[in-house]
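These notes concern the structure reproduced below.
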Amino acid sequence: MSKKLTIFSLFLVAALMMAACAAPQPAAQAPAEEAPMEETAADMSGKVVIASGSMIRIGGSFALTGPIPDPGLNIRHGAELAIDDLNAMGGLEGFMFELVAEDGACDGTQGTNVGNKFAADETIVAVTGGTCSGETFGLVPILLEARIPFVSPSATNPDITSADCDVCNRVALSDALQGATDADFVVNDLGLTKVAVVHDNSDYGKGLAEIFQSGVMELGAKVSSFEGVQVGDTDFRAMLARVGADGPQAVFFGGYSTEAGLIAQQMTETPGLEDTAFMSVDGAYTQQYLEAAGDASEGTYISFVSGADSEEMNEEFDAKYMEKYGVSPDDLGPFHSQSYDSVKLIAAAIAAVASVDDNGNLVIDREELISAIRSVDAFEGLTGTIKCDSIGECGAGGVQIFQVSEGDFNQVSGFGME
Amino acid sequence: MPVESATRAVRTGLVAFAFLAYLIFIGVPGKIGGSALPVLALISALFIWLALRRESAALSGTAVDPGPGAYQKKPGWEIGPRDTSDASPFVDHLPFSVVTGFVLKGVLAGCTTGLLIAVLSGVSATAMGNGVSIQPVFDKIVPVNVAALIGVSPGQIAQAEVPLLRFVLQVLFFAGAGLLAALVAAAARSSQSQAEQLARLTTRLSGPTTVNVARYAGVALPFLLLAYIAWLGLPGVSVFGSNEGTIRLLITLIATGSGLFALRLSLPGRERTVVGVLLGLGVLAMPFILDQFQNSVMGLVFIFVMMGLGLNIVVGYAGLLDLGYVAFFAIGAYTYAFLSAPFSSPYVSSLLLLLGVAPESPLLGYWMALPVAMLTAAAGGILLGIPVLRMRGDYLAIVTLGFGEIIRLFMLNLGELTNGPRGILEISQPALFGLSPSSVTFGLLSSQGWIFLLALVSSALVAFVAIRLNDSRLGRAWFAMQEDEDVAEATGVHLVRTKLLAFAIGATFAGMAGQLYAARQINIFPENFSLFVSIDALALIIVGGIGSPAGIVLGALALKGLPEVLRGVDEYRIVTFAALLVIMMIVRPAGILPSARRRIQINDPNEMGPDSKIVSDGEAEVVQTAGVAKNAANGQEEAM
Amino acid sequence: MTSSPATVQAAGTEGRTSLRQFTRVLGAVILLFVIWRVTTVGLSEGYPASFWISQALNGLVLGGVYALVALGYTLVYGILFMINFAHGEVMMIGGITGYFALQFAQARGWMEGPWAVVVVALLLIMFIGMAASVLIGVTLERLAYRPLRQAPRLVPLISAIGASLFLQYSVLLIFGVSPHSYRKPALISGGLRLGDVFIPYTGAIIFVTSILLMLALYFIIQRTKLGRAMRAVAEDRSTASLMGVDVNAVIVVTFMLGSALAGAAGVMLGFHNTVVKFNSGFLPGLKAFTAAVLGGIGNIPGAMFGALLLGLIEAIGPSALGIPTEYKDVIAFSLLVLILIFRPTGLFGEVLSEKKA
Amino acid sequence: MTALLSVQRVTKVFGGLTAVDGVDLDIEERSITSLIGPNGAGKTTLFNCLTGLHRPEVGEILFSGSSLIGLRPDEITDRGVARTYQNIRLFGRMTALENVLVGQHLRLEASHWSAVLRTARQQSEERAARELARDLLDFVGLSGREGVVSTNLPYGDQRLLEVARALGSRPRLLLLDEPAAGMNPSETDRMMDLVHRLRDEKGITVFLIEHDMKVVMSISESVAVLDYGEKIAEGTPEEVRANARVVEAYLGPEVEVQEATESASH
């Protein structure tokens, strides 16, 4: 018996040695073995090498589950269409693009997991996403360390781009711009002096509401109340009764479409708010808002960040979207064009730095790609002419303000009116 | 008799169709695309095969003794081979008629499914082709799915260009699937009897040896898997192409889990010590072997192991159902965040400025912050513990749930202190002697690997403390309290102190886990600490086996690790996970690795019938006798 | 025999003098704080009386919905001593089904017809929603709970959590992620205006209907043979079965009753708040569960009272205390904690629940 | 000589029902005293008052000179009062040995830290505790049953185990609530023998509730009788047997009284 045990433990030791010794090998031997191996994706000097016949893989972090899966799906569709279009045009030097879609769930934990998944995969060239700011904050530190640039189509938190983070980019416009423009519109264009501010306690909604609040106060108007609700609430009557007691001239809501629609609708049932103006932000610039608000949506204001989009490109895009997914893009959420553009932007940057080496492999230098994204200039996208600045703000155009009439958004102010 | 089997076949087809209809409604064919039909056909084949296997098992029982008893022994979830030893002469010369019977049944079942699928897709396609709007919502998902199912593009359906042949093809496909299932079932049946005979023969020849070999194989398995993971990590090795990361993660999860089984399989004493030490070394080597993604997932798994071990003290040892455990996790995370993130929150920053601390530099490093986070969490545990001392059972559950929500809502709304929904950013990373871990380990350890290593070591420590405490008089007092609070008190257990100790120790562990979680996330937000974290922690200790640290590790591997493996099927993973949770509870309610002591499961005497018995797992069957099960209840009534 | 468990509770706590003093002091401190807040802050804001009346009405409507759902929790708990965590989802299924029924009716123009047609159609929609909920509730019981009836208590809880997630995400995958908007027919949109108080028709309907349904339930339980059987099973399952009660049938009926109420709540909430989606059952479910515990879980009048109280506190609390509305859930849960500190078995919970303690 | 336990005017009211009504009782050190009375007479309630489960509205309970009123059950156990229960209340999923170890909970001093570190002192204390637990199991006649899960013990053995658990806290006064209930004659004899040995070998004062008159008469040195919460008689077994009120309480002056007594107890 003891002999058996000895043999057995010897075997175990051997197995363990295998396990333990295997670890140092990649690091120690990788540089030496680099040259002869064709399959290797990235070498030590920070290059992505794509063997001929392989795909150029772009990661995507989308909020497919979690609180706002609808816009997440819409953004994914936009990215998929961009990949389809890129490949339909023959890809890049004969290399096709591939979207590696992951579920970021609009949540920091999932964002971290997704980021680590991309960072571990040496074939991932760049990332589009994340959908939500919290999710994107999960991606940031990991992608920064892994030197993978990302372009977010919809994370609007002002803190996402900064001078410290060279891989962080977005085609969405920062909330700072939208909040300030909305405040200007309410005070100067509508001439209101007393507004109530409501937010949905998401980092997006609350951030916007605070920017709006300070904007309004700077312009000399009064903020009668500042209230929060929760994403997913459906009964806002108690909160609105309180807001209404102060008799504001307008209610501003920072948040997403369902809550915005319901607030607009329930305002008509609240004493003191029946005829008060309602304004919300790009999160509510959807078909869903119109549906949720019903007749109450008439006359409400919604701001949206947009570019001087060419109608022709957008119509073409909408048609393709309809064809492939059987839904109109606006049914799901507002950021499909931004998503499409962020992928196209990444592809353009890749095209600028990629080169084919002697073996027929496509070589992309990570550092070059990071700076190439920042130096994109005059890229024609669905949202307009995109130009990235030094901190990664690539959003085109500006803030437009729409008023709902006859069940449709009609622009009343802002960018593109002149 | 043929009518009966025909009805049974049709019923099988109906069940398969119901399941497939569910898959169609949740959009699986649209996801699969062109090959949707064959895949669905294969799934239906699986159903039919399972049904035929059950029937064949029942049939072989009746071959010798065709009494009604054989049918009453309806096989439950165990689909595996039943005791067919008596039936072997019958099975040996498998008569031709049985095979044809099988085939007929399989084809009939397949045709039923196929016809129904064809009707479903045909009706939908015709409706859509004629421009009938079924429902706006269905219209969003149906065209793509039905198109994939028929094998045409959505556009063709819209123009009503679907040839009838396509539907015939569908029926044929499913009929073929039924045929395939029948043939497999028939073949397996004959080979099954052969295999059984072979097994009996080997057992007779060398009884204990085979058992020993199986045992050694079980013990060796985790080591083989560890070696395999290491090999997969070598440069140039690529298995299954780009999915390598996920496959390797899966194997890592299995290796860790099977290690626990290996420990249980090994003989107590020297052998177990050797296996334990080697396994420990192997697991400690993992952070160096795995890549960043796998490390990050394993790090999360072991953070949840710590949580689970802490919650287990409260729920498993002391029997206090706590649904708000996330509160202490959050307290730990936020405490560390306040101490280590620059300008973490307006209040804290101004306080720091007042104290003359530069806001950009972290106040305390990871190690210095650790006791602070633990103490804060423990204080939170005691604060929660005091008001709930008198509450029992479900009242305790809902109050703790409320407490967890209150903490989360405060974090969300106390913007001045916690920065509200915008969270706390740039939390500093744990360092080693002031150096970054990768510089100490010469680049062998990624930051995520370092977190994983820390999580491993911390959970080992936590498990050690938990096990030792449970073995001491405190553990006995907890258990006594769980069994009968009043008697425990009358026997000399200081209830207040014992309960508060359970809450405090549990909370301390959660605080540790929370701190590590904050370090892993770097940026934390109130939404990270929702009710679902509590539910996850509770689910993992119950799935793993309440009261058993090894079970908790397994539970965490299954509940926090597997969903990451299932990433490929993104939106389906939660549904799959949820279904697995229900099935798991039904198949193995005591958890994967139940604790030996608590085999006789937690029970409220009142909810059990007087003659009830609980089979906690395959090994032990403990019958609670009628008189004693009623004891506590009667004991209370005796008070008058 | 029925009164003795309560005395044990008293006995178990009586000796702990220090704890009792602690709770007394705590109670006094909290009461003083609340009075101080209400007088100095809440009232000083100078809200008119109509404001308080509107808030109270909002609260009652909310409470009515909570009550219907809470009754399902309480019924199931009373009989099986399990928390049916998926009950909120049963309600959501009712709401979703009601939405499709409404779409169907609207497509056929029934909603624009004479008022009698609209009323009949609305009732029909509610019944369809209830039927769907009943179907789901019974299926849940059969597949996810019945196999676990002999298992330890935590096991069905986890199974219920799994079922809850499964239902939510199945609905997400089948009906899509976007919320479905109910379009109120003209008959019930708008409301009654009494001076500065506005009562939405849907709110009034919810309150009245939920009271009627609760009375019906109370009648079923107290006055019918079925109710007697239910109470017998709740009291002692094995004895009841010895007395010839079909325990399985009673449990199924319990699930049916609870689910029907939840389905009705789902449809009415759909009309009132106009949106339903895959997770719209979760939060009301949680609140209703809180309400059921507040009143003493397992106790039917307790659930009704607890739900109405919770609704009122949620609506009035933030204004009365002068704190932001985002703390309404904090107030709700704090109320729960406080009430349970002083009455550890809920407001009405003595007989049934104490047996389980 | 003062009594070990002195109960003075103790009254306990539940709602409208006075369960124990101004009971006075003295129990001498190293005596065996029985408490008898019809069902529902308030015997167990008195026990509950003694062990801190109930707090009497009126009265004083002195244990070796100091008051027990207002103390928690575990504090009373710490003073040296242990008890068993009418309907056995063991820790069902623990082994016999573990049950007795829980009984010793109060007498173990090692800190929880030392349990984590397994210090030598803690280890030797644990060993001693196990030793003592085995001795106690031997003493009550359960040698060899250490590892049996208590639920699986035969009924009579469960009663013995309850006594062993109570002994774990090294009591001076042991309250036995119907120790012989439900036992067969030979088990009853064992129990009676054990009660004697408790007093003779361990020097423990025993106060027991018992219905079996044979047991009461043969082991008690003094007997107290409760009826409707009131003490109606006290004295030696012979005196009590001869007391007219006791006979009346047990047999009833009329049949209705007895019925009332029974219904009150159910």
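By written order: A, B, C and D. Residues from 1 in each chain.
The definition used in the following text is that contacts are C-beta pairs under 8 Å (C-beta built on N, C-alpha and C of every residue); 3 or more make two chains touch, one makes a residue touch a chain.
All figures in this text were calculated on a predicted structure; none of them were measured in a lab.
A.B. asks: Which chain maximises the distance between its CA centroid and that of chain D?
C.D. replies: In terms of C-alpha centroids, the chain at the greatest distance from chain D is A.
A.B. asks: Report the most central chain, judged by the distance from each chain's C-alpha mean to the global C-alpha mean.
C.D. replies: B
A.B. asks: Applying the document's contact definition, name the chain pair with more C-beta pairs in contact, B-C or B-D.
C.D. replies: B-C
A.B. asks: Whole-Å distance, chain B centre to chain D centre, using C-alpha means?
C.D. replies: The answer is 48 Å.
A.B. asks: Per the centroid of Cα atoms for each chain, what is the distance between chain B and chain C, given in Å?
C.D. replies: 30
A.B. asks: Taking the mean of the C-alpha atoms as each chain's centre, how many Å separate chain A from chain D?
C.D. replies: A distance of 72 Å separates the two centres.
A.B. asks: At which residue positions does chain D touch at least two other chains?
C.D. replies: Residues 14, 48, 52-53, 72-73 of chain D touch two or more partner chains.
A.B. asks: Going by the contact rule already set, what residues in chain C reach two or more other chains?
C.D. replies: Residue numbers touching two or more other chains: 1, 7, 11-12, 16, 169, 172, 176, 324, 326, 329.
A.B. asks: Name the residues of chain B that each touch 2 or more other chains.
C.D. replies: Counting only residues that touch two or more other chains, chain B contributes 140-141, 412-413, 486, 489, 571, 574, 639-640.
A.B. asks: In the complex, go through chain C and note every residue touching chain B.
C.D. replies: Touch list, chain C to chain B: 1, 4-5, 7-8, 11-13, 16, 19, 22, 26, 77, 80-81, 83, 100, 103, 143-144, 147-148, 150-156, 158-159, 161-166, 169-170, 172-176, 180, 237-238, 286, 289-290, 293, 297, 324, 326-327, 329-330, 332-334, 336-337, 340-341, 344-346, 353, 355-357.
A.B. asks: In the complex of these two chains, what residues of chain C are touching chain A?
C.D. replies: Touching chain A: residues 45, 47-48, 50-51, 54-55, 58-59, 62, 169, 172, 176-179, 181, 183-184, 191, 196-198, 200, 269, 272-275, 277, 279-280, 282-283, 314-316, 318-319, 324-326, 328-329 of chain C.
A.B. asks: For the complex, give me every residue of chain A touching chain B.
C.D. replies: Its residues touching chain B are 5, 8-9, 11-13, 15-16, 18-27, 29-30, 33, 37, 39-40, 57, 64-65, 69, 100-103, 107-109, 112-113, 116-117, 119-121, 123, 134, 137-138, 140-142, 145-146, 157, 159, 201-203, 205-207, 228, 323, 325-327, 331.
A.B. asks: What does chain A use to touch chain C in their complex?
C.D. replies: Per the stated touch rule, the residues are 65, 69-70, 73, 201, 226-230, 232-235, 237-239, 241-242, 245, 258, 261-262, 265, 269-271, 288, 291-292, 294, 331-332.
A.B. asks: Please output the residues of chain B touching chain D within their complex, sorted ascending.
C.D. replies: 464-465, 468-469, 471-474, 476-477, 479-480, 483-484, 486-495, 501, 597-598, 600, 622, 624-625, 627-628, 631-632, 634-635, 638-640
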